[in-house]
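Please go over the structures that come below.
Across the two complexes that follow, chain A remains constant while its partner is chain B and subsequently chain C.
Moving on to the complex of A and B:
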């Protein structure tokens, strides 16, 4: 915390550097999400690695001029992307292999150039370009940061401007082509934006890990929203937070390269989103599955109990151990379900077994009716929308028309399976229903 | 012309008044993937205001024919004309319903967003859909009985509902010709009924519909004309004349079980359902 405060009270230059990395993070989050949706995430990695030779070539030709270094990176980056698409299009090599080839060959060339420059030039090690591998923000000049900031803003503005076009491109490129959109041109624009973002990320994040800053914000944001507009904003904010935190931590701990720190921050954010996001998160899904499973057990207990009375209307209570044998779930789940039904006053425990309360009878009639109507529906309507069938839904009326339900009921009456009310066996709930279920 | 509207170029070429130009005309069309031809010398002409079914076995080139009409696959020879012009000049006259499996339904948009995409071509570069466009999208959803699902994320829709969203998107294109790739594939009864209703409404408005179809049992009921396809056109014409046992034999070749069932279906106008021959 003191490190952060200390950083904020730093001089003008440092604040400009921070501004640069923040806009880099936002731009990477936004354009990375688009690339993710267009399934170009891996291409982003090849692209980042392919920028390295460009940096060194630019250094050899023009010396250490930031704009030229960026232009050089952009040139070989785009060349790498073009090579990937050419390899996949004109040869029998598939895209994943092309990406692998380009990534390693270009990166290898970059490392070789780096070694050669170091051997033949004295000022190479002082140039700071070595840090383009893993990222370092400390050496960034205010003018460099301003450059990064401007490019980042341009990228975000371009995505806003092309929002509709990129949305269509990512969802259904074929439909886009039918409407006359130049899909190739749009993809090219996306690649340019992605390359520009990657290139301005080199000084801060580095070649090796740049792809993480592109992918992690969007991947994390996907757990929080189902709407593209929200997703883009969220990814931008996530990218900003990741890049900002990473930069400050790495600047505070002088010997940590910025790239890995930023990736770690991103990983934490991603993991937290994956686990804790409502609805789409892993924990939310897990708890939904669990409550669904428990509901199914209760439903089956109610159904089997109802059937026991249906078979023999004279009995007032049904044996619980017999019930548990007919429902093949483990003992703990069974006990939990029975306890819950008692607590909700659906069933009561008497001497020698369980029975429905008045309320329980109402609910059981409805549950069994719904289940049997769905069974009948599956039998009689072969070509149905299977996603509609949901035995958990209390009111089948909300999904099927009255006419269909009437028809199904007639079918149940014919086969004598329409649930009838045997209320005579109902017993009143004692005021203090036992919570312990003897089994 | 880098930033011209996607449909501006010459797609506004006026339709000649009352001219007898066929909505779609295919001449000597051959399409090949690599060295393997998938369509040979296709000659077709469709009549305005008809529902046309394209029928044939798997791998017969049905989808390829559709895609060749829409310039989505390059043709080795021959040409396609839409109201006498190449497709590029007539984009706005054509609505398209692709196969449902052609997209990722986990994409972060809702049903209305997808329908709105039907209007993107008309909107052109940079312009966003207006409130009126949103209203039109809702109307299109209503036509396929999906108005209750406009705000639903598309992965939360059933297969049949997704298919109807695609149909609504094509309706939003407000075209004169609709080209559909298996609109009935794997849909439930309610969706099938809904799609059939939409197709008949389109015909009543004088629109032309060309649809790839799989279910031989419903062919006679749904379509006015047929194209029986198996790499080449086996037969083409009014359903009542073309949908015969001999033609089906020629189209489906040695697939005897299917042929027998199909023949039975033809004879009885009903019988066992034949899904995905």
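Moving on to the complex of A and C:
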């Protein structure tokens, strides 16, 4: 609690910087998400670099006036974006190369102007403009922070106002065009908002890391939701969180610059989202794949065991080692699957082998029937060989109509492959084979 | 040539610049054709932490750890970007943005945290470099004094040239047809990583001279310039190296003249070279495309005018009027307004002048009349038009009132052979509207049979 209070009682400078970075983080998160979904994520990179010559041209023309510098930056930034789209539209240069060309050449032009000013001017007032490159968060003035805050609010408000249009633009631009929306105009509006955010962010985090602030919150939020409204809110919140944490960490540590620390905080958040997000996260995906794979192994064991009884109706127990040879999985997976089947009371272990319980017989019949129906279906309706299919149980009844299933069953009966209940014909299972006594 | 005073230091700077540009350009070609330019961008940023770690571990500017660090960082970037895309389902561009900014930020934080700025490794230096300063340090070999950066750049150039030479076939196949490469047993992945390692090496060799952002311009711009000038891979690599050299020399000269920093000027010079190519490239340039379109539209307008005058004369012949009167400009501009003739009235005026100059049209007191040569050209066109109408009517059953529009468009593009085939199949002498199809011998006014 004292720690939180300690954070809240920052000195004036840190509070100013916090206001600036928080507004920037939220605005960049929101507009960056839209750009990301429109597949324009790295255009922000070209944009950020292309602002540099504008800053210097404005400096040469109007001197060190904050708003003119910003306007100059915006002008060449937009020019850069326009060049990227013109190059990829009218020449055979692809978009990625266009971005690279604009980024480096515009940036080179900016540096050239900067070098020229440094060499040929005795005026010392250019100091401070250099910080647009790497950013100098600590040097933020209250007026700068207020400016960032106002522009950030305008950007967020514009996204909210254009919510429906932007949604259409991101997910179905062709449909938007058919509906009569001017897609080019909307893209232009998106670019203006993106440029405005980038330009105000430059003094804070610098050219190189601005693109991270645009991409990271949206990319992290993408793991948590598929809905645009949720995405935008989440990305805004993520932007706030990383900007706030980064600023406070860099204020607490003596030598750490805020810009890169903010980006690293964002990276941590991104990595955490990537790992732990419930549905799209890597861990969730991994556990889904694993449980699916294990289920397939159990299913194959049940199938092979059933086939063993089908082949020789006189036996009540099948040899486990023979079974494991017929299922090509590693020893550990096999044992795990068998143990799980025993725990679920599908099979029991007797002397010299395993057998189904009553419950297991029911389930095995259903499983094998579904597999064979599916194979039969693919064989007769889709002309696919039985060995090539990978049947997934439990879905066939919901996929196929009863008439088709009936027809398939007739086919199975004809070839003698319809699974029958061998409990009646087999020798009575030993008394241990009941579900109450699993081994 | 007053400003072209080449002293020894300018020559040295120029040598370093040419070496850096050329090594980047030849490997950059493959980034451009593989559509991976931005991975070059990403790697040139992401080598920073590799360099810093190499600095911390090896403690000094020794080239081998630097190179190892850079290659590791480059491979890490490539690998992470691919894994984010394949395993976690992140869009490629977003994944790349996340990876390289994170690595770069890590590098900057490490530099600040370990206070490395005193060993001449500050973010500014890595970002921007300084060609002039880099070229001042000299090394000696066999009594010959040359700039020290030429050593790593020479190695990078040699490595790139060797890679391209050895893997030429593999690079070509994996760049243009990855599926074919896979079926031939060539691993696209290995080639991909080889290219990315080469890019990392080159980036780190060039970074002290030009800085990591301007390396991108050296990697991509010459390749893109060459891409506009040729369709073949080997000439592309050669042209890219040439463009890089020209840009490097020009950049150094301009920078010396205007007294500004060399490396950015170089990148602007290559940008200007690229811009000139975009406009003036012989086949893929904007100017060439514009001229092609202009000539095509002029041809179409001229043909429309000829056809219009032909129909005017034909109508009078059918009506049996003698002498046949010319078509006035008012009549033509009416057709322009209706859209029967492409373009506007002024285009029409220019076209009339051209047609008169080429001797296809004469201007009599009553208006414009076709000369014999003009009559023959117009008859060709009308034949194509009516043949296409016949084709659409007989083979596709298009309604009578829908025949004119498509025929009006197709008449400019049908070859005489195709027209001949269509007419031979149909065996008709009249078009679906009942108008005669002009035969090879151009009918003059008096030969038309009158009912």
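Definition applied: the second predicted complex is superposed on the first by the 382 of 439 C-alpha atoms of A that agree within 3 Å, B and C clash if a C-alpha of one lies under 4 Å from a C-alpha of the other, contacts with A are read in each partner's own complex, and residues count from 1 in each chain.
In this text, contacts are C-beta pairs under 8 Å (C-beta built on N, C-alpha and C of every residue); 3 or more make two chains touch, one makes a residue touch a chain.
This is a predicted model, so every value here is computed, not measured.
A.B. asks: Is A:185 touching anything from chain B or chain C once the two structures are fitted on A? First, second, both or neither.
C.D. replies: Touch partner of A:185: chain B, not chain C.
A.B. asks: Looking only at contacts as defined up top, I'd like to know whether chain B or chain C touches more of chain A.
C.D. replies: C
A.B. asks: A:283 in the overlay: touching chain B, chain C, both, or neither? Say first, second, both or neither.
C.D. replies: Neither partner.
A.B. asks: So, does A:153 touch the first partner chain B, the second partner chain C, both, or neither?
C.D. replies: Neither chain B nor chain C is touched by A:153.
A.B. asks: Have a look at where A:222 lands relative to chain B and chain C in the superposition and call it first, second, both or neither.
C.D. replies: Once the two structures are laid over each other on A, A:222 reaches both partners.
A.B. asks: Applying the touch criterion given at the start, work out whether A:413 contacts chain B, chain C, both or neither, answering first, second, both or neither.
C.D. replies: neither
A.B. asks: Which holds for A:164: it touches chain B only (first), chain C only (second), both, or neither?
C.D. replies: first
A.B. asks: Between chain B and chain C, whom does A:172 touch in the aligned arrangement: first, second, both, or neither?
C.D. replies: In the superposition, A:172 touches chain B alone.
A.B. asks: By the touch definition at the top of the document, which applies to A:263: first (chain B), second (chain C), both, or neither?
C.D. replies: The answer is second: A:263 touches chain C but not chain B.
A.B. asks: Does chain B (first) or chain C (second) touch A:379, or do both, or does neither?
C.D. replies: In the superposition, A:379 touches no partner, neither chain B nor chain C.
A.B. asks: Quick check on my understanding: which residues of chain A belong to both its chain B contact set and its chain C contact set?
C.D. replies: Shared contact residues on chain A (touching chain B in one complex, chain C in the other): 222.
A.B. asks: Provide the residue numbers of chain A that touch chain C in the complex, in ascending order.
C.D. replies: 36, 39, 41-42, 44-45, 49, 87, 90-94, 96-97, 99-101, 103-105, 107-116, 119-120, 133-134, 208-209, 211-212, 214-216, 218-219, 222-223, 255-257, 259-261, 263-264, 266-267, 270, 274, 280, 282
A.B. asks: Quick one: which bits of chain A touch chain B in the complex? Just the residue numbers, please.
C.D. replies: Within the complex, chain A contacts chain B at residues 37, 161-165, 167-168, 170-172, 174-182, 185, 222, 225-228, 231, 381, 383-388.
A.B. asks: If we count contacts the way the header does, which residues on chain C are in touch with chain A in the complex?
C.D. replies: These residues of chain C touch chain A: 31-32, 35-38, 40-41, 45, 84, 87-91, 93-98, 101-102, 104-106, 108-109, 112-113, 115, 123-124, 127-128, 213-214, 216-217, 219-221, 223-224, 227-228, 255, 258-261, 263-268, 270-271, 274, 278, 284, 286, 289.
A.B. asks: Going by the contact rule at the top, pick out the chain B residues touching chain A in the complex.
C.D. replies: Contacts found on chain B: 2, 6-7, 9, 11, 70-72, 88, 91, 94, 96, 98, 102-104, 107-110, 113-114, 117, 120-121, 123, 125-129, 153, 155, 158-161, 169, 173, 187-192.
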